[in-house]
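Let me begin by presenting the structure, written as structure tokens, before commenting on it.
Order of writing sets the labels: A, B and C. Residues in every chain begin at 1.
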Amino acid sequence: MTYQFDFGAVLAYWPLLLEGIWTTLRLTFFSTVFGILIGAFCAVIRTGGSSWARAVISLYVEFIRNTPLLVQAYFLIFGIASLGIRLPILVGATIALTVNIGAYTTEIVRAGIESIHRGQLEAATCLGLSRTQTYLHVVIRPALERVYPALSSQYVLLMLASSIVSSVGVEELFGMSNRIQSETFRNFEIFVVLGIIYLLLAMLVRTGFTLLGLAMFPRRRKLGTSL
Amino acid sequence: MNSAFILSLLKGLWGTIVLSLLTFLFGGLIGFVIALARISPIAAVSRAAAAYIEITQGLPLLVLMGLCFYGPSIFGYDSFSPLAAATFALTLYASAYLGEIWRGCIQAVAKPQWEAAECLGFTRWQRMRAVILPQALRIAIPPTVGFMVQIVKNTSIASLVVGYAELSYNAKIINNATFQPFLYFGIAALMYFAICYPLSVQSRALERKLNVGHR
Amino acid sequence: MSAIVELKDVRKSFGNLEVLRGVTFNVNRGEVAAIIGQSGSGKSTALRCMDRLETIQGGSMLICGHQLHDDDVDLKSLRRDVGMVFQSYNLFPHLTVVQNIMLAPRMVKGIKAKEAREIADTVISKVGLREKMDYYPEQLSGGQQQRVAIARSLAMEPKLMLFDEVTSALDPQLTGEVLRVMEQLAADGMTMILVTHEMAFARKVADRVIYMRDGKVHEMGSSDILRTPATPELASFVSESAEH
């Protein structure tokens, strides 16, 4: 073993790393918000919409879940550019990640909705709640509470997978590695540092979801049991 | 559309298939060891396996690729070929997930059966081989087939850091030459879909069959 | 006395299976009617039709002034007038007791939170569970959950309450506490229709007993028919029930 590790050379670029972390977190945040909205919307249609609308949603879900994120990102980002539309690269990346995570969210939320017992719907109906009110208060909320652990894991994976958009030129955390690499040639050390940062970020995102879950679901906070 | 480009995509597809099979083979072997280690009665072994899973699942695959590509030369080995490095990284990734999936399957059948087998006076390994594993295998098949889809999709990442020429890589090269992203990435996506969708369908069908059998 | 419920020759099938084959009876305001019969006799289906959880296919059904066979029946006001309590309680598991009760008054009637809270106070006291206001359903016994479900219906101030085998999932001790609440409701003058297996309760509280068999009303009268049945079928049903 003659190799001399030099982590200092990599860590000297901490402002770049910090900038990358900030971009990664922003990407993850916006894709999470839009992804949950799209996923919940599509899951409602998937379980209660007209038959053609269900077919469209299921086509979307199956296609996204059975192709790689990388190819989806290439298709969308280079595709949009080829139409002559100029989007800021971060917007394009957010669209690609949202389209992707939306499909996974749809499947998870759908499973949650389908786990709601028919008796719950009947009780709401008999109390006079409209279809929309029933969906909002008696279906979606408990469904989200039930699948919240699965959703959290999926969104931690999203944060990790957001590294893939570095390939279309986004300078998020992983994208920064190219720049540091070309200036320091400390390839291995860079990946070790990135690995540690990503592990910490994964813990951060997971903790964020846990706290958010406690804030959103008072039943869980009080009883500590899952629905 | 150009037939040379289509041929290049098909060659890329072959690269994807080769890498997927290698990953499944090695990932499966190591994953099995991880699963057994995870349920080991020796606390240190089980904790080490848990840490392995935790760390591997907390890293982006791209970082694993980088570590596996640049790591070996540092430790005095010749640098890995793109295929070797990609297989190495994907094996780490797959073994962590498969280990966790299979641990769940083994434990699902283990509890009640374990005690029954204990009463019959089997040793731990005999119990495992004769009683637990054959049943665990049955419930492990649907999620394992489902995970194959993840493997195939994630081989696309081997086109980035290590530069292994598989389907996404070749599609990107063609796009650089033609600038027809919708066409060539569309075809590449359909090729991935053609492999992954049947696996997904099969996984769900097996899952349903298993559930019916259990009732 | 005026009829608040009028069924005339009501018919209902599920696929090829004819479940209601011409059901006719009335229930007057303030009356307690008990529908009894073997499982499969159509008694639960008849009850579910009254709140339009199932639609009828023939005959006519007039509930609190709403003609249920009409396509343009005002479901919203029908459901304000009719309360329903289920065998499996169907409380909303993610809401506390008081939130369960307040949900419909706030959503359906648009009542302000403070006022809805007062309504919840009143109805929860009626079922004797004031100290459980902020509990979640899973923290309550089956009997308590069912009493909350009754309170939840009462909060909408219905003119008619339907009870679908509400004690069937409960063991005898817990059954007693639910039946006492229902007895009190009857004493307060609530119009109630209950599908039940509790013969003793029917005998004691019901003004009218309806014995259903094979999708039809087989025998009907005051609770005296449980003591002196006119048909041999009801006689054997009553004696079978007594054995259990």
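Brief remarks follow.
Quick note on the criterion: contacts are C-beta pairs under 8 Å (C-beta built on N, C-alpha and C of every residue); 3 or more make two chains touch, one makes a residue touch a chain.
Bear in mind that the values here come from a model prediction, so they are computed numbers and not experimental data.
Looking at chain A and chain B, not one chain touches each of them. Two chains share more touching C-beta pairs than any other pair, namely A-B.
Ranked by how close its C-alpha mean sits to the mean of all protein C-alpha atoms, the top chain is A. Centre-to-centre spacing of chain A and chain B amounts to 21 Å, using the average Cα coordinate of each chain. A straight line joining the Cα centres of chain B and chain C is 55 Å long. Centroids built from CA atoms put chain C at 46 Å from chain A. Among all residues of chain A, none touch two or more other chains.
Residues 117, 119-120, 122-130, 133, 137-138, 141-142, 145, 217, 219, 222-223, 225, 227 of chain A are the ones touching chain C in the complex. Only residues 51, 53, 76, 79-80, 82-84, 86, 88, 90-96, 103-104, 107-108, 136, 138-139, 149, 152-153, 156 of chain C touch chain A when the two sit together in their complex. Those residues of chain A that touch chain B in the complex are listed here as 1-3, 62-63, 65-72, 74-75, 78-79, 81-82, 160-161, 163-164, 166-167, 174, 177, 187-188, 190-192, 194-195, 198-199, 202-203. Chain B meets chain A in the complex at residues 55, 58-63, 66-67, 69-71, 74-76, 149, 153-154, 156-157, 159-160, 167-168, 171-172, 175, 179-182, 185-186, 188-189, 192-193, 196-197, 200.
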